[in-house]
Structures are given as structure tokens and as C-alpha cells.
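Two complexes, one shared chain (chain A), two partners (chain B, chain C).
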Partner chain A sequence: MRNSSKTTFIAFGALGGLLLAALILPIASLLLQANWITWTAAWKEEGARDALYVSLTTSIVATAIMTVMGVPLSYVLARAGLPAKRFWIGLVFLPLVLPSLAGGILLMQLFGPYGWIGAPLASHGFEVTNSYAGIILAQIFVASPFIIIASYSAFERVDPQLEMAAAILGDSRWQILRRVSLPLAWPGIAAGATLAWIRTLGEFGATLLVAYNPHTLPVYLWVKFESDGLHGALPLALLLLLLAVIAVIVSALLSRISGQTGTAMVE
Partner chain B sequence: MKINNGVFGPLLVWLLFSALFAGALDSHAASGSSKQTVSVLYAGPLATVMEYGVGPAFTQATGIAYQGEAQGSVACAQLIRGHLRTPDVFISADALVNNTYLMGPANGDLVKWYMLIASSQIVLAYNPDSPHAKEFEEVAAGKMPWYKLIEKPGVRFGRGDPTIDPKGYRTLFVFPLAANYYHRPELNTILGEPQNPAQVFPEIVLMARVEAGQFDASFFYRHEAAARNLPYITLPAEINLGDPNFAAEYARQSYTNAQGVTVHGAPILFTVTIPGDAQHPETAVAFAKFLLTSKDLLHQYGFGDVPHQLGGDSSQVPPQRRSLVDGAFKP
Partner chain C sequence: MGIAIHLALGSESAAAAETQFADSFPAQLRKPMLHARICKQFERARDCGFRMEAEFKIPPGVMILFGPSGAGKSTLLRCIAGIYSPDEGSVSVGDHVFYDSQRHINIEPAKRGIAFVFQELALFPHLTVEENTCYGLRRLDRDEREKRTSKILESFQIAHLRRRKPSEISGGERQRVALARSLVTEPCALLLDEPLSSLDAIVKAGILNDLRAWNAERGIPVLYVTHDREEAMALGERMMLLEHGSVTAHGEPVEVLDLPCRESVARLSGFENILDAEIITVHESSGSMTCRPIARGSTIPFSSAVSDAGNNLIGPRETVTLEIPCARALPGSSVRIAIRAGDIMLATVRPEKISARNIIAGRVAEISRTGMRVTVAVDCGGVKFLAHVTAGAVESLELCTGCPVWLVVKSHSCHILATSHLAQ
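And now, the complex of A and B:
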């Protein structure tokens, strides 16, 4: 019995180790060839600083919008007893399956200056194309599924008995959500929000079509790769990698803190 | 506790099989004994002519498989220079891209010669469903000068990005040339900043935006507009960068990018070369020869004729191809 479980772990470890190596080796090679002095100098160039600013501001705004709208949507999906619930959840998954370039083409058609939605906006002087709004739109399109699905499963995991108890004690739906469901689901929501945030930081394909300017960090990386080749692109790849590391750390901290407060509030 | 083998057994067998199969595929490609291939890295605006015209025609004529990849001309050169791609043939949309990024000791002497294959010119192509299509038709019929329409508020037009596409800076050159030609100095400032976000997109996005009707018009090479069946307005030879007779006038225009690289105006000429690290030099020679003798095919796709002049070191041209050279090219 023991032996067989050991064999299983060795076999699984070998399979998993290969996959892990495929993930880590490219990043390790980036770190190994990093020339920190010239690369950090490249981060200080105006173009890189502008792109970093654009990426940070748009991704934070996009994540805030996705949270404010995505959490209510996931609560409705989890608790409202919608007919054809599977269908609605399937819809939410669609942007994940679509290549982001295809998503960008669709957004461009809809929100471009002659699109169904873009034309009335443009006639009021509001351009989505090549604007912060366009970048945020592309980011929301590709990243929303992460937060919606994560919050949905977090709400699903909340024990209905607890909600029922609160209802029996006379709490309204809103009070139950605020006092019971949200605190319990919060760690899942926070994890989904960070995943979504990381996805927005790396978003390229849809952004390229909707808003080439102002350059986000991934678009700027592509422009530098096109114009300067490897030595132009690698410093920015490292910068994006560091951002991702920060996002993962923030995510870990956030889910730990919110996890504790979440349990504390219920207790 | 009992471990269920029902799922994992077949999974392992499948993994083993797929690994073996992948290995077999790899060795098949590496041996290449059954079929020769030629890999061609080419400037993005050539995508239609390469993938639908030259590529299939070459395979039909020679039996050699064709593998094409489109990128911006400068990006192609950077890929070759960085040894990220080792194409057998490189086709540039600007002769000077060879000189600047691939020739000389500073660039590892990766390219020693190139030959002119075709010319093109800048045109103003428009979407026939645009709300301004009627006006564009009037311009095309000669009832209104093209710049009147470009100046008109509400007309949305695009152009390439001068930092990554030769077409981007070539479009910048059209306007000062036009200002001179029409005696209308205001044409110098009509485009705004080189990176004006109201107009600038990368080449692939630009075409998609016009076809999707999100731009009324855009500046393209004539062969691009022809390939996509977009109606277009031709510009006078004095300003369209398509006529070598006006090379001296074109050369007075210049653009300096953020990296400090300055490019001068020049007739739009496409070039072919075989980089020094080509993996299949023999199929490369066959492909280049095919390209240089496919005048009719290139015509059909909207390109203009040029003498097949040679840039760089003529002694480096493969001997089988010297008969195709029509004199020297001085950029």
C-alpha cells in the first residue's frame, strides 16, 4: 500500500516536474541574461515610464469596474435561481475561449467610431478608439470571466443553512449578503480580482486593435520588439514579470487578511 | 484504500504515444528527405501576394514546399539579426532596411547583397461603405483634390506607425511633398504628431479597421489596396514615392525615430536577399530566381516593374543568379 502510493508520487512528480520546468526555464533564462544596470536604465526611458503608468492606471480601474459589476452578477448567478443557469455561466466563459485578437476585432467593430455603440458615443465627442476607455474596455472583456467565475464559486460554497438562519432571525436579503455571504465569499472574490488584475496587466491582442495608443506595457513591449529587436523588448519583459510577482504577493496577502477578517466577522 | 487504475492507465499510454508521435514528426521534418522546403520571411504588406500568389505558384513549378511568415520589415530584420529566425529568403519593403540592420560588420555581415524585385506607391484607399464614400468617388473622378477631403472635419483616416512600418514614415513624406507640389503649406501640419493617435495603427490593424468600416480611408501601398479590392485614389508621381525619376525630390524628406535613426525619402522598392545563415541555400536560390522571373504575377497583384538592380557586394551573389542582375543599385 505505502509502496504503491510512493510510486504514484514519483510518477506524478516526474510528469509535473517536466511541466514546471517548461514554465520556469524561459523565466530563469530571462533572469540569467538580465543586465540589471542597462535594463533598469531602459525602464526609466520616457516611453517605458508612460507605458507603465498607462498599464497600472487602466488595469486598476478595469479591476475596480469588474469587481463592482462582476460580484453582483456572480451573486445573481449563484443565488437568484435563474432559469437556464448553465447557459448564463457558459456565456461568461466565452471570452476565455475566444483568442483575445478575435475579441479585439469584435470590440473594434462595436465600439469603433462607426460601430453600433461607438457611433453615438463619438457623436457626443467620446472616442473609445485609442483612448484609456478603449484599453479598459479590452481589459474588461478578456479578464471579467476570472472574477465572475471565482466569485460565483465562492458564493456557491457559502452554506445555505447559514443564510437561512440569518433569514429566520429576520435579516433582509441585503443584510444576509452583507453580514453572512460576502464575508464568507470574500477570499474567493479577492483571489478572482487579483487573477483578473494580472490578466489585464498582460492583455495584448484585444488592446492592439482597440487602443494601440496610448501604449500599455505589453503593446510597448511589442513596439520595442518590432523596432529595436530583442534588446529593446527584454527589459520590458522583465518589468512585466516583476509586476506579475508583485501582483501574486499582493494576492497572497489579500486573501490571507481577508480570509482572517472574513472568518472573524462570521464568528 | 484502493487506488483506481481505470483512468490513469489509459492516460499514461496516451501520453507515451503522443511523446513517441511527436518524436516521429520531428525526425520526419529534420530529415527533409521526402520534401524540400523554402522558408521566406517577408514584409507584412506582401502577405496576399506571397500566400496566394508567389508561394503556391512556386510550389507548383518546383515541387518545393513554401513556408511564409509576415512581419514588419524592420521587425523581420531584427528577428534575423537576433538569430530568432533563420529564413532562407528575406523580402523587405525598403532597400535601406538591409543596409541599416543587416549589412556591414556591425550587423555581423548577415546580408551582403540584395536585389530589387518590384515597386509600389502610396495611395489613399477608402471603404466603399463609408458615409463619405460619395466624396471619395468624386475625388477619384478628379472632381475634387484629395487633400480637401482629408482636411474635412469628420473624415477619419489612418496611416502606419513610422516607428515600426516603412509605410508609416513614407506617408509622413507624402505630405511635405504635397505641400510643395500643390503650393499649400498647410498640408505640412495636417497629420499632427508623427504618432497622432487619431490616425496611427500598425499595418495589420489598419487594414482591419478600414475593412470593418471604422476608418473612412487610409494610406496604403497600391498593391495592398488592390489585393483587398478596396477602391483607391492614386496620387501624383511627384508625391507618391513610386517613381524613381523623382528620387532626388523624395530624398529631401526625412524622419528621425525615437532611437535616433534617420530615414530619408526614397522610391518604394521591394528587395530580396538570402541571409548568410539560411538553412536551405539551394531552395533559397530557386525561390529568389522564381520571384525575379514572375513579373506578370507581381503585376497582377498591383506591383510596378523595376530593373533588377543589385545593392551591396555583387561578388557575393550566387553564380547561378548573376544573369538576372540589371546593374547596380545605389540607395
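And now, the complex of A and C:
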């Protein structure tokens, strides 16, 4: 028994180790080859700073919009007893499996200067494409599933009996949401929001088509790679990696804090 | 399909609920009764559904709602609380009508002022004991809220836990918090859905005492669901029996449990021996009848013959007969009898000059132990009886598998569950 389980673990460890190496090696080589002085200097170039600014502002706004609209949507999906619930959830999943370039094409078709929505907006002097609005639109399209699915399952996990108990103790539906469901679902929602934020930061395909300008960080990375090759793109890749690390840390902190803030949210 | 769940929750609750708190029931003065008539069609995915049709009045004090699982006890409670809507019927406490299908009244649960303690308690895991307890007092001013909360925490002996979360206290303490949270709102009725089923007897008794003490002052109707016989005996002054959605018996727990009308309840209330028998003779003058249980399984041959004029003694190749109380039945009709294992005595010597009418010879087929209790299975000419004895009795009688014993059963320990071909 012991020996056979050892063999299993060794075989599985070897397979898993290969995959892990494929994940880690590129990151490790980037960090090992990093020329910190010249690379950090490259971050200070105007183009890079602008791209960072555009990426941060748009991703934060997009995450805020997704949270404000996605949490109510997921609550409705979880609790309203909608007919054909699985259909709606499947619909939410679609952007997740659609290549983001294809997503960009769809958005262009609708919001482009000749699209159903884009054309009337353009006639009023509001261009969706090549603007902050376009970037945010693309980010929301690709990243919303993260927050909707995460908060949907967070609400689903809240014991319906707790909500019944609150109802019997005199709470309206809104009060139940505010005092029971939301404080309990908060960790899941926060995790979903952070994931969505990371996804918006890295969003490239749809953004490239909908809003090539102003450059977001991934688009700028592409531009630099096209013009200067690897040498020009590496510093930006490192910057994106660092942002991703920050996002992971924030995510971990948020879900830890949210466990404690549940209490503070009531009353 | 399942049971349709209708959570009636409103939004415009604040103002209306405030008035409800303002004229909170002065229960001590009025002692209102809970009156409910619930009709609801059950639809189950697999087995065929049944229709709940129950009507009852519950005066102040504890009423036990007893019944096998699937009888509709929880659904009945939820209909009263307003979590589910009945198909038709009415629910009221005193003059306050909460539901009336004819008058199209259906007050949402938040405004009924009926407290409900769930089986799983449903304490809010993100709130402390104190926050859980004062959850329903949001609309009171701060001083009043704190005063009431402190008082109820004291009376349920959980004041020292007020800063703890539900995950940090014991099961018994959680039950106390759940009760305190429900009662602090000064409800007009209390519904308890098997809240103590997971506790041991001592903790349970303590909590029940506190609940009684609390209700002694207020006198609200308390409907307590359980399927635990001992809990029912300990708690209730009165009991209702619910089977397949209908109240089939009510009275004192002792009466209801000792006169089982249905086999399911008989098993539930501790009748381990349920026998089918054929009535041989009816002695109307002495109020008894003789019946012959229908044997199941194999027979162990008897070695010693016994017979006596006074008692029913069973010998070799003789069939077992039982003397049971008289029912409205004719000889030849069949009868189903229930006997508690605890009501059967065992003897290794044939008892003499004893009032018990049934003395049956048999052989020990099996001895099994659960905790302090020993169950002895005795084969009497193919009819198997179970008797409960103590471990000490097994030792002093030197009982072992295969040894001959006499069963001693009083006629009145034989309860008739059902008879076929009822006499006119």
C-alpha cells in the first residue's frame, strides 16, 4: 500500500511539476533577466506612464460598474426564482469562453460608428470607439462573468433558512439583503471583484479593436513589441506582472477582512 | 416539483410593523388562543402527494405536535408562521387574523409577531450572541433594546456569551440563543420545529425549564414539534398527533402515546412489538377477547409443556394465544396488536398467582445491547416478541440464547391498533 501510494505521488508529482515549470519558468526568467535600473526607467517614459494611468483608471471604473450592476444581477439569479435560470447563467458564461478578439468584433458591430447604438451616439458627437468609454466597455464585456458567477455562488451559499429567520424577525427583503445575505456573501463578492479587476487590467483583444487609442498597458505593450521587439516589451511585461501580484495580494486581504467586516455592516 | 415555497416578504414594512410593536400583545391579560385551519395539497416528485387538512386551537401553554416524519409537521408550522401559504384556511391568534383565504387576508411573516425556532436554529453566523438576540428589535430605541436584550440573555443564562459568535459556543448554548432571539420580540405565539432534537437529555431539560419559566409569566400558545417520545412526555401538558396532514388524536401525552391509533405512530412511540392476530373468542362479560397471533419465521421446539386453567400458557405444538382488551370485533376477524418491549416481563420459572393474563413460554432467540438497555428476542412458537430488560436482569436470570423463558404480559399492555370486519 505504502509503496504503491508513493509511486502514485511520484508519477503525479512529475506530471504536475512539468506543468508548474511551464507556468513558472517564463516568470522566473523574466525576473532573472530583469535589468531593474533601465527597466524602471522605461516605466517612467511618457507613453508607459500614460498607459498605466489609462489602465488603472479604466479598470477601476469598469470594476465599480460591474460590481454595482453585477451583484444585483447575481442576487436576482440566486433568489428571485427566475424561470430558465440555467439559460441565464449560461448566457453570463458566454463572454468567458468567447475569444476576446471575437468579443471586440461584436462590440464594434454594435458600438462602432455605424452600429445600432454607436451610430446614434456618434451623431450626438459621442464616439464610443477609441475613447475611455470604449476601453471600459470592452473590459466590462470580458470581465463581468467573473463577478457575476462569483457573487451568484456566494448568494447561493447563504442558507435560505437564515433569510427566513430574518423575515420572521421583521425584516423586509431589502433589510434581509443588507443585514444577512450581503454580509455573508461579501467574501465571495470581493474575491469575484478582484478577479474581475485583474481580468480588466490584462484585457487586450477586445480593447485592441474597440479602443486602440488611448493605449492601455497591454495595448502599449503590443505597440512597443511591434516597434522595439522583446527589448522594448519586457519592462512592461514586468510591470503587468507586478500589478497582477498586487491584485492577488489585495484579493487575499479583502477576503480576510471581509470575514470580519460582516459584523460592522449590520446596524 | 416539490412543495411550492412562497416567501411573502414586503417592502413597506417599517411603518406598519412599528404599529404592531406599539400594540404588542399584552399577553398576560388576554391569554389569546392560536387558531389554525390549514388545507394544503402536497405534491411530491416521486411518491404520491397527500392533502393536509388540519384544524386546531392551541390555548396558552405548550402543545406538542407529534408525528412521524413526512406527516407535515414542519409545513404546518411554516404555514402558521406565514413562510408558506396554505391553499385555504385561516390562522389567527386571539382577535388578530393573520391568514384567511375567504377574506383574502395574508399577513407577511414579518408582521405576524409569531416567533419561530428552526430545527437548524438559523443563527446568523456573522453576528455575536447579543447581536443575534436583538436582531428583531431594530425598531426599538437603543435603551429599550439593550434593556430587553440583557433581560432575556439573563433569563436564558447566556449573558456571559454575549460577545461570542455562534460558532464559538456549544450546541445547547446555541439553542438558548435561538430561543432568546425569538422570544425577545414578545411574540404572540411561539413555534418550535424540533429545536432540541440534537441535545442530550440534561441540557434539554435545562432549556425546557427556562422556556417554561419564561412562558409562565406570559402565557402564549407554544406549538412544539417533535418526533421524540421522551421529549414529548417531558415537555407537554397537551399533545396533538399529526399523520398524513391530519390531526388524528389529541389529549395528554400519556393518553395519546399509549393509545396508538396507527402503526407508524405505534412504532414511533416505542411499541416494538406489532403483531397481526386472529380473534378466536370474545368474552364480552369480562371485557376481553382471545386472539391467535399469526406466526412469522421458524419455530423453536419447546421442551417443557405447561398448562394452567387460569392463565394462557403455551405448550409444545400449541399455538400462542393472547388475551387482549375487548374491541368491537367479531371472532374470525383480524386485529393488529402493539405491545411495548418495556411492558413484557421475563421469568425463568413459571410465575404463579399473578394477575397478568398472558404467560407465554418461549426460547431466547437473541440478546442485543444498546447502551444500558438489553433487548431480548423471544421466540414463542414462531411468534417473535421483543422484551426490554436491564443488564442486571440478564445476569441474575442467567439469560442466554436458547434458554427457555416465560413472557408475562398484562392484557392491558396489548394495544389494539386496528381491526378488520368491525362488528356492527
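Please note the rule applied: the second predicted complex is superposed on the first by the 247 of 267 C-alpha atoms of A that agree within 3 Å, B and C clash if a C-alpha of one lies under 4 Å from a C-alpha of the other, contacts with A are read in each partner's own complex, and residues count from 1 in each chain.
By definition in this document, a residue touches a chain if its C-beta (ideal position, glycine included) is under 8 Å from a C-beta of that chain, and two chains touch if they have at least 3 such contacts.
The structure presented is a predicted model; accordingly, all values stated were derived computationally and were not measured.
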Given the alignment on chain A, is it a clash or a fit between chain B and chain C?
fit
In the superposed arrangement, which partner chain does A:212 touch: chain B (first), chain C (second), both, or neither?
first
Touched partner set for A:8, first chain B, second chain C, both or neither:
first
Under the stated touch criterion, which partner chain does A:223 make contact with: chain B (first), chain C (second), both, or neither?
first
Is A:41 contacted by the first partner chain B, the second partner chain C, both or neither?
neither
Please work out whether A:172 is in contact with chain B alone, chain C alone, both, or neither, and reply first, second, both or neither.
second
Identify the partner contact of A:24: answer first if only chain B is touched, second if only chain C is, both if each is, neither if none is.
neither
By the touch definition at the top of the document, which applies to A:109: first (chain B), second (chain C), both, or neither?
first
Using the superposed model, determine the angle chain B, chain A, chain C defined by their C-alpha centres, to the nearest 10 degrees.
150
Superposition-derived minimum Cα distance between chain C and chain B (Å)
26
Touching both chain C and chain B, counted on chain A across the two superposed complexes
none
Spell out the residues on chain C that touch chain A in their complex, using ranges where they run on.
7, 9-14, 17, 81-83, 108-112, 114-116, 118, 120, 122, 124-128, 131, 135-136, 138-139, 181-182, 185
For chain B, which residues count as touching chain A in their complex?
1, 3, 12, 15, 71-72, 74-75, 78-79, 81-82, 84, 130-131, 156, 161, 163-164, 195, 197-198, 200-202, 205, 208-209, 212-214, 257-259
Interfacial residue positions of chain A with respect to chain C in the complex:
159, 161-176, 179-180, 183-184, 262-263, 266-267
Write out the stretch or stretches of chain A touching chain B in their complex.
1, 4-5, 8, 11, 15, 47, 105, 108-109, 112-115, 118, 129-131, 208-209, 212-214, 223, 225-230
